[in-house]
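First chain written, first letter: the chains are A, B and C, and each begins at residue 1.
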Amino acid sequence: MQLKLLDKLRAENPVIFNIANFVTVQDVANAVNAIGASPIMSNEVAEAEEIVRMASAVAVNIGCLTKQQINHIKKVEDLARQYNKPIVFDPVAVGAVEYRYKITDKLLWDFHTSIIRGNIGEIAALGGFDWSSKGIDAGSGSGDIDEITAKTAQKYRCTVIASGPTDTISDGKRIAHIHNGSPLFKTHVGSGDMLTSIVTAFTAVADDPFEAAQIGALVFSCAGQLVVKDHPNVGPATFGMYLMDYLYKVKVADIEQIADFD
Amino acid sequence: MQLKLLDKLRAENPVIFNIANFVTVQDVANAVNAIGASPIMSNEVAEAEEIVRMASAVAVNIGCLTKQQINHIKKVEDLARQYNKPIVFDPVAVGAVEYRYKITDKLLWDFHTSIIRGNIGEIAALGGFDWSSKGIDAGSGSGDIDEITAKTAQKYRCTVIASGPTDTISDGKRIAHIHNGSPLFKTHVGSGDMLTSIVTAFTAVADDPFEAAQIGALVFSCAGQLVVKDHPNVGPATFGMYLMDYLYKVKVADIEQIADFD
Amino acid sequence: MQLKLLDKLRAENPVIFNIANFVTVQDVANAVNAIGASPIMSNEVAEAEEIVRMASAVAVNIGCLTKQQINHIKKVEDLARQYNKPIVFDPVAVGAVEYRYKITDKLLWDFHTSIIRGNIGEIAALGGFDWSSKGIDAGSGSGDIDEITAKTAQKYRCTVIASGPTDTISDGKRIAHIHNGSPLFKTHVGSGDMLTSIVTAFTAVADDPFEAAQIGALVFSCAGQLVVKDHPNVGPATFGMYLMDYLYKVKVADIEQIADFD
């Protein structure tokens, strides 16, 4: 894995355009800033072209999807295609809400998405696998996560990250797993949304989406693991706070020491 | 008081649908998650039925009310009636903003609300009592808080929580008081909104709204009191952070040791 | 500088109306509350008059500008003129997004703004100076910051704060500089937005906007500097958290000891 991409990201400080949800937007902006990119948020079609042009990549998060937002997403995704900017998509709750599934499925067919980042319930729903999602959470199921991830990637011809205790990443052919992390990620709402936008930042410096997905997931998981190593008594909110600090200060050498992936 | 409802809540992990305001939504989502429920937010009428069905209860917060949101609230409250899901209502600033009072009063007549949770300025306004609210704050007044709370509960045939240094709770007949807490709650914007959604979570496991109101207010107040006991020098933001940690880790036995109510 | 205005602010606890962006709104509300004022947020034209009347001043932040919001801003700014309430304007990203520049320039001509608070890239764009802004960040340029600040103030007949490592403040005639602060402000998204609303709070107690701008910027910068003095190892998020605590607890005497301005 090209861990030096972290240094490249910080040196280049790319602008990352986030179509964010209002629940986690502040965490997302701070995480993008902390890792070394420059976040910008916008909800207005009239400035979409300007913002897509200045951005290196676009993160689309449907955590609080509205009809109005769908038009905005379509416009932005069309512009991203036109200006050749990668799109990373976070299909929040598509496993639990049929309305969101239908919108997302259509967007994923109509526009080329570089990476989809969701929990296994969301990824399984997109891939057409049986899984019991629960609201915004992964829920439970018995499918093979490698297969679900790879098949969903093949279906939409993109890279897929199914995040969880182990992050499973596939571009339809290759499979990678990130074993780093901490159970505390699940206790902090917004962890997944932050990961989505951090992976988006890495698409600005990586050679391909599969590489961006791996490095993004690895850096994020290791930052959290280092928090817990240094502060073993953290709860959900102290974890969330230190996570942001560690995204800012984590060095390539720190990650090399604990990186656990295949 | 049925303190074991806290364990039941954590075991059942009910989905709680929040119509939230954009100021405090992240705190609300994290608080619902930390106490052991699963938060979901939505602003789109088209997915309202799906989300009401999957949720065990609905929290409605008008902290940044818009006309568009009123239609959404009406639709959701109608669906909550249809699917028999309790509604908890947070009437932010109805004591200071006549527009919000009128909308809220009509909603409370048109749809059955299980619990109203506000500061005393908001509760007094709804009950028709004289009180000088100040923006989102309780302001000042000289009325009898027990009487205001009970009469407002009688008016809307629901349970009312007037939160403050002491939380006063009434279903129109019974009165309860929670004396736990800390003055720091007032210094952290979003404390009240978090309480509203935590009480909503308890309606999913309690036998009746009056019980849910009491246990929710008690757990929340005690978590804050324990923060200050363990971290006596906290300011508004460190208090807010530790509060989230303590909502996650507080045990029934911890609460039993300090619970102070009648 | 009238440092005792901090005590006056806390004694009077004025209501501050914020037209906020959804990225930083929670930080802004908490910062206004922590410094000793009472924040209220609203996005609804129908309640604009009530809220302008109860507020002592209005902060307008275009960090996530939409067409719908422009109508709201116009209505609120017209009411602020009518009720003689000062307006403080935060022109987020006008240096990078032409759409926002055009809207902002027109608003600044059509309504009297007391104070504009932005980074140097934003202030230079408004003043018509050459500068390379980068998204929401200041970017880089070689102009004279004193001249840019003073000329922009003259252009819009108001006070301008160009914040950065040194905050430069001008009303078109006078120039002041605040040298306090910390590089960590830049690592926490929302620092600028918090400053804007804190300055807005001081317009409620200061004799003129130039004084409010100076005291607001000084108190904010010193609070951050004291955080780093007491907690030298803070990262972006721990800094942001302690900043809120220090806004709450900082005393006039603490500021006097480290104040560095001319």
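The definition used in the following text is that a contact is a pair of C-beta atoms (placed from the backbone, for glycine too) under 8 Å apart; a residue touches a chain by one contact, two chains touch by 3 or more.
Treat the numbers as computed from the prediction; the structure is a model and nothing was measured.
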Size of the rotation, in steps of 5 degrees, that lays the CA trace of chain A over chain B: 120
Homomeric contact chain A-chain C: same or different residue positions, threshold half: different
Computed distance of Cα centres, chain C from chain A, in Å: 32
Multi-partner residues of chain C (each touching 2 or more other chains): 22, 26, 240-241
Chain C-facing residues of chain B, complex: 21-27, 63-67, 93, 96-100, 134-137, 187-190, 234-238, 240-241
Footprint of chain C on chain A - complex, ascending: 13, 15, 20, 22, 25-26, 29-30, 33-34, 38-44, 46-47, 50-51, 54-55, 240-246, 248-249
